[in-house]
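The same subunit A turns up in both complexes below, where it pairs with subunit B and then with subunit C.
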Partner chain A sequence: MRFFFNRGNGLGVGTVAALLIIWELYGRIHPTVYVPAFSTVFVTFIHEWFSPTFGQQAVPSLGRMIIGYTCASCIGIAIGIFIGTFKRLYQLLDPVLQFWRAIPATAIIPVGILLIGIGDPMKWVVIAFGSIWPILINTADGARLVPTERLDTARIFGLSPLETLVRVIVPSAAPMIAAGMRTGLSIAFIMIVVSEMIGSTDGLGYYILQAQRTFAIPEMYGGIALLAILGYLLNTLFVWCEHKVLAWHYGQTTRPA
Partner chain B sequence: MQKKSSPVNWSGFGFFLVCVGIVEILARKGLLTSYVPPPSEIFSALWTGLINGDISSQIGVTLSVYVRGLFLATTSAIFIGILMGTYKPVFDSLKIIVEFLRPVPSVAIIPLAILFFGLGPTMRISVITYAAFWPLLINTIYGVRAIDPQALDVARNFGITGGEALWRVTLPSALAGITTGFRVSATIALVVTITTELIAGNNGVGFYISQMEQANRLPPMYAAIILTGIMGYLLNTFYFALERRFVFWTPAARDRVT
Partner chain C sequence: MANPSEVLLDVKGLQKRYADGTLAVQEITLNVRAREFVSIVGPSGCGKTTLLKTICALLAPTKGSVALHGTLITEPPPQMVLVFQDYARSLFPWLSVMGNVVFPLRKRKDISQEEKEQACSRAIAAVGLTKFAKHYPWQLSGGMQQRVAIARAVAFRPEILLLDEPFASVDALTRADLEDLTLHLRDEFGITMLLVTHDIDEAVYLSDRVFVLSTPPSTVLEEIAIPLKQPRDQVRTRSEPGFLELRNHIHGLIGKRQEEHARAFTIPDPVTPALELEGDPVG
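Let's look at the complex of A and B:
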């Protein structure tokens, strides 16, 4: 984030303003169904999303995503630590994990629909399934590659295996886990939109596809904009939490500005 | 990286086969639901599909759309990335747009793409291009910015400036970032190709998956899903080999040698 928000914001704001003005003028001079004026989209956005529609469409999406992603994180981290701690196990499972990871996550949505139906549980499962692999594999790598000095030091201080796990392995793996969880979050977001487009009767993915099919074009643009804003907020929230939780890590390592 | 005792992970592949065998036995005994066919049936469906052209004809469609989308994304992202990395005013004017468009989930623009391009390949190419553009753009900018200033100074001492410096100094140094970005983009591009075919295609492997699901022909459906995984794996291996062969001067390549 800091990479982008620094000096020279005037030019950036100017370009954005110029583009919005061009969009508005284009929409007014060339009134087509496909490109409504920016003001129309903006008014529709306010009208749609500051109303019960938000509760009917956006809240179910977010709820499914939170459930699926939380499951993926908990299971992924637990299994990842377990696999990463035992090197033999890691070697044994590596091809199986790589196989599952290689399959594009969205391709398993039809399987989910077949096995579970098109209700909420299907979405929880496919979201969890899609986002678990980067979390699991990153955690396993993080736990596997704990510097030997740290493990040796733990042994010298007579830490029990459980203490070693909680106080040495988990903190050492934490930066890798966070990186995996960040990748997992963006996959979870894609999975929720796609699963709602393919098999759902509510949610944001359903909403924008339905808006397009019924030629409610300003609503479609508004839905995409809401998805963008939610994606941006989720990512920012995640980075903020990561910096709070891993402050010690960024203090230890010299971080490029 | 961990030192491996043997170059090939025999125990891992053995375990993989054992897992497949267990699923086979469980499925044949009917202990799994009827929605999980035995792996042998899936593999024979994959084989017949590849031989008689049912699946193999879809691979061509998918790959052609994928390659065109990825190519468009790569060329435009490298071009804009080098401009943004080299010229501060360009960076300043575009950065807010980049920062706000990047988090838009690529699949969210599928309805928009359908509106403008219909259901044909152009729609899919546009979505793939959009999705694959961002990682490559960001990595190109980082790559260009990470150039050793001394390299540019040396070039200037030898009278190499402007376009020639761009070609002989900036681009080769930035290739480290560009290849990293390309690998991310290529993975995303394949996922998005399959996804757009799944949601709104009229051909391709993703379309085949959803067709087989609706026709309740499960072995071919699973076969096509596994095929997408194999495609991803082979493409990755191919890019990795290309990178080793042609981009041998980057830090990542140096690590591999020493």
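Let's look at the complex of A and C:
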């Protein structure tokens, strides 16, 4: 529990509570269809998401996101390490990569629908396309910026190129890879919602859009709230894992000078 | 074990020109005998790091050759280890001190696991870091980190240790400690030492022989034998009259060359027209 509310957050929790109270009062004093009171949304939230709806809508979304994100991570890290290690390759490919990463991933969705159709594979591809770029580029930078002394040390001690890659380059690049993966996670999260709004028959994005179209307004806000909670949990889980694996890095950077 | 007067490392006519044409090392010929402590001194920029890297076969020479036990070197040989000046960039921050020291031994199949651990413990003890074996390098001071780098090299059991200005990044008191440490390691482990430094006093204090390099592109100006008494001692040795003589001689060698070098690159003064001043000058 401490991990969720770190940074001495008595004040933070208090602020959240205060905002919720304001929302509630506004909803009571000035009720409109489009902005229901907090209590209404809260009740709908509990009703909707602690029910089979969670399994029908949220789980498919998370599943697609995980698949797309995992593909993006594997491919992005593999290519990134490859590019970062061979400097000529990096120079060659850099303009191409810069162009591709500039394409907003949402613009790829129509292409995905055309080439792959509406269905889960399209979503995997679109999510992967969006989240791969920060992972790939950060990995390439991490691999490129390994201090030459470390590479020389590996050569002096007779390490093979593969051993150097696995035992020296990858650990050296790990902090930058993790940073790229964290950004990629946020993008994957956005991409799943967008792709489900445009071409889907289920999922959280579909659910929220449907709620809007059928004027199920509290359900709509409930869906958004669930997204926020899931996003926060995913990010916290990622950071927790990262601090475990990269404990050495964080120990290094938080050490007093 | 090599006999004491055998030439271990033989560098002949070594030249290194970079791809962009700059001549870093013009012509270096030197040798190192087994269990000797040899220093290479020269002004900054004379290609000392390039020289060590070429001797170590990290870089390929443009001309000349490097031979270890009479065999030409083309790849970094296991009998030779190079310790870098910048310890922070050469140690692995994701490994503990013990992890760093055992790292080069991991893949060696000719030594048993027990022997590896023993070699590492011995090396860590020799540099005085037994209490810090589980620490991470970045938790240690600069001098201690350099000791880890040295322990890592020593645990690998090389025959010759190349040291690239290893004490340049540490404070003066730590430097004296580390200097004595290298002497001690040479005595305890029988490792031959080739040290590159810009510090003339250090070179004279530590070595059996000193090679003095010229300004870039470098050649060997002189080879000087250091007959000072062993074992060396920071206070006694440095007050011996021989010490002063030797260091002043080297200073003179390098200083003269530096002056000549500087003169060759002096920008001539711009020509200013004479000014006619009106009235009497003040004061």
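One rule holds for everything that comes next: the second predicted complex is superposed on the first by the 237 of 257 C-alpha atoms of A that agree within 3 Å, B and C clash if a C-alpha of one lies under 4 Å from a C-alpha of the other, contacts with A are read in each partner's own complex, and residues count from 1 in each chain.
The definition used in the following text is that a contact is a pair of C-beta atoms (placed from the backbone, for glycine too) under 8 Å apart; a residue touches a chain by one contact, two chains touch by 3 or more.
As the structure is a computational prediction, the values presented were derived from the model and not from experiment.
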item: Contacts of A:171 with subunit B and subunit C, given as first, second, both or neither; value: second
item: Of subunit C and subunit B, partner touching more subunit A residues; value: B
item: Partner chain(s) touched by A:147 [first = subunit B, second = subunit C, both, neither]; value: second
item: Partner chain(s) touched by A:197 [first = subunit B, second = subunit C, both, neither]; value: first
item: Which of subunit B and subunit C A:237 touches, first, second, both or neither; value: neither
item: Touched partner set for A:46, first subunit B, second subunit C, both or neither; value: neither
item: First, second, both or neither for A:224, with subunit B first and subunit C second; value: first
item: Touching partner for A:22 - first (subunit B), second (subunit C), both, neither; value: neither
item: First (subunit B), second (subunit C), both or neither touched by A:103; value: first
item: Residues of subunit A at both interfaces, subunit B in one complex, subunit C in the other; value: none
item: Subunit B contact footprint on subunit A (complex, rising order); value: 1, 4-5, 8-16, 19, 34, 87-88, 91-96, 98-99, 102-111, 113-115, 144-145, 186, 189-190, 193-194, 197-198, 205, 208-209, 211-212, 217, 220-221, 223-224, 227-228, 231-232, 235
item: Subunit B to subunit A touching residues, read off their complex; value: 2, 4, 9, 11-13, 15-16, 19, 33, 35-36, 88-89, 91-101, 103-112, 114-116, 190-191, 194-195, 198-199, 206, 209-210, 213, 218, 221-222, 224-226, 228-230, 232-233
item: Residues of subunit C that touch subunit A when the two form their complex; value: 53, 56, 58, 76, 78, 80-82, 84, 86, 89-90, 92-95, 103-104, 107, 136, 138-139, 156
item: Parts of subunit A lying in touch with subunit C, wherever the complex brings them together; value: 147-150, 152-153, 155-159, 163, 167-168, 171-172, 174, 248-249, 251-252, 255
